[in-house]
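Following this line, the structures themselves.
Shared between the two complexes below is chain A, which pairs with chain B and chain C, respectively.
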Partner chain A sequence: MAETRTFQVSMSPHFGSPHSTRRVMFDVVIALLPALLGAVWLFGLRGALLPVVVGVAAAVAAEFVCLRLMKRDTSAALDGSAIVTGILLAYNLPPGVPWWLPVLGSAFAIVVGKQVFGGLGSNLVNPALLGRAFLMASFPVLMTAGWSAPFEWRNAAAGFETHGMPASVVSEMPVADAVTGATPLRAWKDSFGMESHDGQAVREGLTDPGTLMNLLTGRRGGCLGETSIILLLLGALYLFVRKVLDWRIPFSYLGSVALFGWILGGPGFFDGSAVFSVLSGGVILGGFFMATDMVTTPVTHAGRLVFGLGAGLLTVVIRRWGGYPEGCSYSILLMNLATPLIDRFTKPRMFGEVRKHA
Partner chain B sequence: MSLWKDFSNGFYTENPIFRISLGMCPFLALSTSVQNALGMGAAVTFVLIWSNVAISTLRNVIPDKIRIPCYIVFIATFVSLVDMVMAAYAPSLHKALGIYIPLIVVNCIILGRAEAFANKNTVTSSFLDGVGMGIGFTLAMALMASIREILGSGTWYGINILGQAYADQPVLMAILPPGAFVLMGFVLAAFAVIDRRKERAA
Partner chain C sequence: MTKLRTFPGGVHPDEYKELAGKAAIRRIKAPETVRVALCQHLGAPSKPVVAKGDKVVRGQEIGSQNGYVSLPTHSPVTGTVAGLEEMPLPHRRSGLAVVIETDSEDGPPPFEPWPDFTSRTPAEIIERIRLAGICGMGGASFPTHVKLSPPDGKRIDTLILNGAECEPYLTADHRLMVERTADVVLGMKIMAFVLGVERCAVGIEENKPDAIAALSGAGVDVEVLKVKYPQGSEKQLIKAITGREVPVGGLPLDIGVVVPNVGTAAAVAQAVRDGEPSIRRIVTVSGAGVRAPGNFDAAVGTPFHDLIAEAGGYAGDVCRLLSGGPMMGIAQFTDAVPVTKGTSGIVALTTAEARKLTEGPCIKCGRCVDACPMKLLPCLIAANAEKEKWDRAEELGALNCMACGTCSFVCPSDRFLVHYIKRAQDAIRAAKRSKEA
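Up next is the complex of A and B:
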């Protein structure tokens, strides 16, 4: 009896790559860990660690249940992509949210954002950001009010009840060294509604070197994973070294936010602050960890530059004229949807192909 | 027997919403609460029955080339009736349904049944078809509205059933437009699963 041998037949390209899904995803998890430490330092175990842990657990559980229901290989639930989604979703929540918020968000992200489209590689938009958009639409109060200030947990431990107090009072307290109640972007946006003189003063206060330094070190209100900018950059550096991250999207996204933030961010033209635009909100987290999702961003090099440019412009436009103070997540979601189009228009010519005359 | 078939067709096998996917506009827009859903269901059913009856009665008189405008005239007449009666006797419902009442004129279910059924069937069959399709539409509306109202407001027909803690912080997206599309997808998927099971059993 002749031995039947099966040959692996697959589409080109046939060269291998050391980048397996598992390796890439666990590299991303490692890169995200420093920021988690920073978040715990700023917002405490209850404020920062709990949402991340339950978010990850819910994401993996939702993935497992979906794969089981669809009778697929359930080991894919542990390929790390659900873990990354859970972490990123939790990083996009205000610190100290009730435990069920990351659970709901992660479940929605995995089920509606990913599995209904066919799982990893087939999703249209970044699942974590879709989960965040779902939470924003469903629980606007929990998602936009009640930003706990950094170090509030330590003040509470020292016997000071600071929640809801004006930031000026909190900063006088012995333990806290710098605190803001609302997020800097909310303050920036509110400044447009004030008398032009007062608004100008607020904006000057937000862009003075001391405040910018606080933005850099995370001493400000914000989502729990977006404020520790130095630690996020450290993680991003690790990803660059591991060649998981392509420089094009972060470069063009940050550059575009800075450029358009300067041109359009202020009350008039060329009135905004480039540095403030990049350091506030979730630009660093979004630019390095969410706008770079391999599935939902263009594959062409030129396309990646276009993606970052468009997302940066949308971020600034939403910040300046939209209903929310921060536009980072929506800008990335919108550009995710434009990705097939961008890929199509930036398709490189094949070798030897002659440029068509229009 | 075939009369019963004309009548029951709309319930499941040819359910206007879940099977032939007609009338999506009022379905997605007004399934935010059970009350709105039932109000809309009743209005559509009324128009559906009488437009079916009128069109099947006159099916041999209406010139073929201008049949669609003729149908629209009948439908618009009944919609105007519903609009005025509802404004007079149920003003709050009338206000809640708003623009969707006049829009029944261009509701695909009604025009679809006129074109696909009433213009080639007897008056009795058409009447039963209208009733059946109307019930099918109302049931679909009620099902979707129940899901959306319970998730999105924690209530059913205005009655709090999930407790005050939930009603204070419901999953708002369920009663917002994106929630309608997402839940519609899940309901259609559920129907597909049921059908596949049936096929396999048969």
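Up next is the complex of A and C:
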């Protein structure tokens, strides 16, 4: 008779797939890198690379300190999730901000946005967006004024001193905005405070093909990581190929921004611009990289569609009637808070479940 | 080629069927000592009817049926009872087994062979299946005579033989269909006759072309299934082939379907045609942890280590030994456990293959939601179970989970989702029982 041996016991299954959370996070990091190259091309090393580098360093450091204080495994600081938070926070800052702004924002994002809730997987809202909201509330001038124009860093802004907009548009803007906050979304918002004829001219200037092309290629004023739309889409494509990204949130969100941007984005009903709504501001960055943060968005398929739809509507409402020209980040934060409720009301029909008719 | 049939959800783990898939079934001798468990089937264990020192002959009843959902247990050998022993068993922590010293494995058929089953009545055949101690050979081990006796008012119109064998590594059903085609076909005909069904089919995954050819060649309606786990789950198989869904909390017979395993069909054929009780089965022994994977026709009561020895012994750094496949199989503490009627395979996993035992936090990526064949939200059920919010877990359908392991398989954080959900199931059922009491 053969000798008896003993073995490890554990719950089934005894097999796993090669997916790992680390791989998911680093895929997101890889997908965000093309847009960083775009940002450096537009805003220079000081304007774009420095905030990202110090933002990431601060996020990882803050994560490490928190884990250390809580006597948890500090290697989790390098699981990639803090790196993603640091990059996204920096991408949501105006180019060329002082170095301490991303440091403060990242640290707040990690400590208050994530670790106080229990770390990865337990946070209620997107940490990077919470960090941005904190900076917006604390340093409104730094966060909304002083946008550097594309190529300003190499004194080659020829043609882009107007932040990608026709000169006629900028000349109509209130002086303070034209000098310090000249983004297309600010111009769009200002247009509603003008004589109706002038406002109409501004909106026409913003939606002419030349301006839209500048929006698409990133040659316009905006946050440092949000303007390189083509490169952001390239990163998103990579995430789709790697099956990290589910199509439901990005498509419902962008579709919702386009639809409601057209319906509600203009002075009356149905005279907004769907194309301008999607290409301006941060909705491409937000739709593919922030509204899709897995931890803070629904897990159900229907819930993801509801999330995107709701965030899109809120984005347009804030842009049109809110206090800020851009509503992307607040719309996502608000929908993050609604996520547990959305999951609860969008539970899918179970296999074999016969729903009772009311 | 017609479109492959399948169900929504599921995953496709590496199959590893090539390890044992080509190895012909090898009949091995019963060991000097067999340990025959009295609770090999689902339901009440058999009552022991032999004592130490008794002589028994092959096929003799050593445990009697104990209630309707129960079965008799037979001795696989002629020999002497050495005693009754409480011992670890592959499918439960421990149970009573009859220990028999083997003299021989020869002897006349324990029951009268019926070469022509059509001259018998369905009731006679069901009685034979019961007396032969036949239970489902696919894993759950539900007594077959109960499955073939639908309650009054339930009409069965379809019989589906389960030849999907979707667990990685396992090839016992595959080899059976190829090498003992006639037994499978006869068993199907007998069960169709007993149930009086209009439609019979065998569901086989596409990765077993020789089995598909063998059964098609025998004139059987073969439904070719997509290779996907858990295609061999009863509910998913019925959905794939008939489009019908077993209602929540219901049974296949509620929608007119009965699904026995191909191994069960062969056992039925042997009981009716040859007068043989259920005392042997085909066991796949595979995994990177054995030298020469193969398929063995072994007596129940044969210890796992004997079968490992037949497969050339352990190879490499074996950390886990499974009864069954890697998705739903049960990790064994010791290889001294005996083969039972439900032991479809023994898989030895090396450290490199076996799933890690450390888990990370849930990042709510939703992969488990996409993959769950029962359309549950495994991550949310598990999160509630972890906090012991049993009522919330129940609202989310925890009781509907069949523990197929698909969710844990795809989880990037290697979470023990099945473990949490099973804990919730136990707690919910316990609460229900104490409420009723």
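Side notes on the structure shown:
The rule is short, and it goes like this: the second predicted complex is superposed on the first by the 315 of 358 C-alpha atoms of A that agree within 3 Å, B and C clash if a C-alpha of one lies under 4 Å from a C-alpha of the other, contacts with A are read in each partner's own complex, and residues count from 1 in each chain.
Everything that follows uses one rule, which is that contacts are C-beta pairs under 8 Å (C-beta built on N, C-alpha and C of every residue); 3 or more make two chains touch, one makes a residue touch a chain.
Keep in mind that what you see is a predicted model, and the values were worked out from it rather than measured.
Of the two partner chains, chain B is the only one touched by A:L104; chain C is not. Looking at the superposed arrangement, the partner reaching more residues of chain A, out of chain B and chain C, is C.
Contacts of A:V116 after superposition: chain B is touched, whereas chain C is not reached. Of the two partner chains placed by superposition, only chain C is touched by A:H301; chain B is not. Contacts of A:P140 after superposition: chain B is touched, whereas chain C is not reached. Look at A:S75: by the touch rule set out above, it reaches neither chain B nor chain C.
Chain A uses no single residue to touch chain B in one structure and chain C in the other. Those residues of chain B lying in contact with chain A across their complex are 169-174, 176, 178-179, 182, 185.
Note for the complex: chain C touches chain A at residues 11, 13-14, 31-33, 168, 235, 239, 245-248, 250, 303, 305-306, 308-309, 313-314, 318-322, 326-336, 347, 349, 353-357, 360-367, 369, 373-377, 379-380, 396-397, 400, 403, 405, 408-414, 416, 418-419, 422. If you check the complex, the residues on chain A that touch chain C are 1-17, 19-21, 23-24, 79, 119-122, 246, 294-295, 297, 299-301, 304, 343, 347-354.
Taken in their complex, chain A has these residues touching chain B: 104, 112, 116, 134, 137-142.
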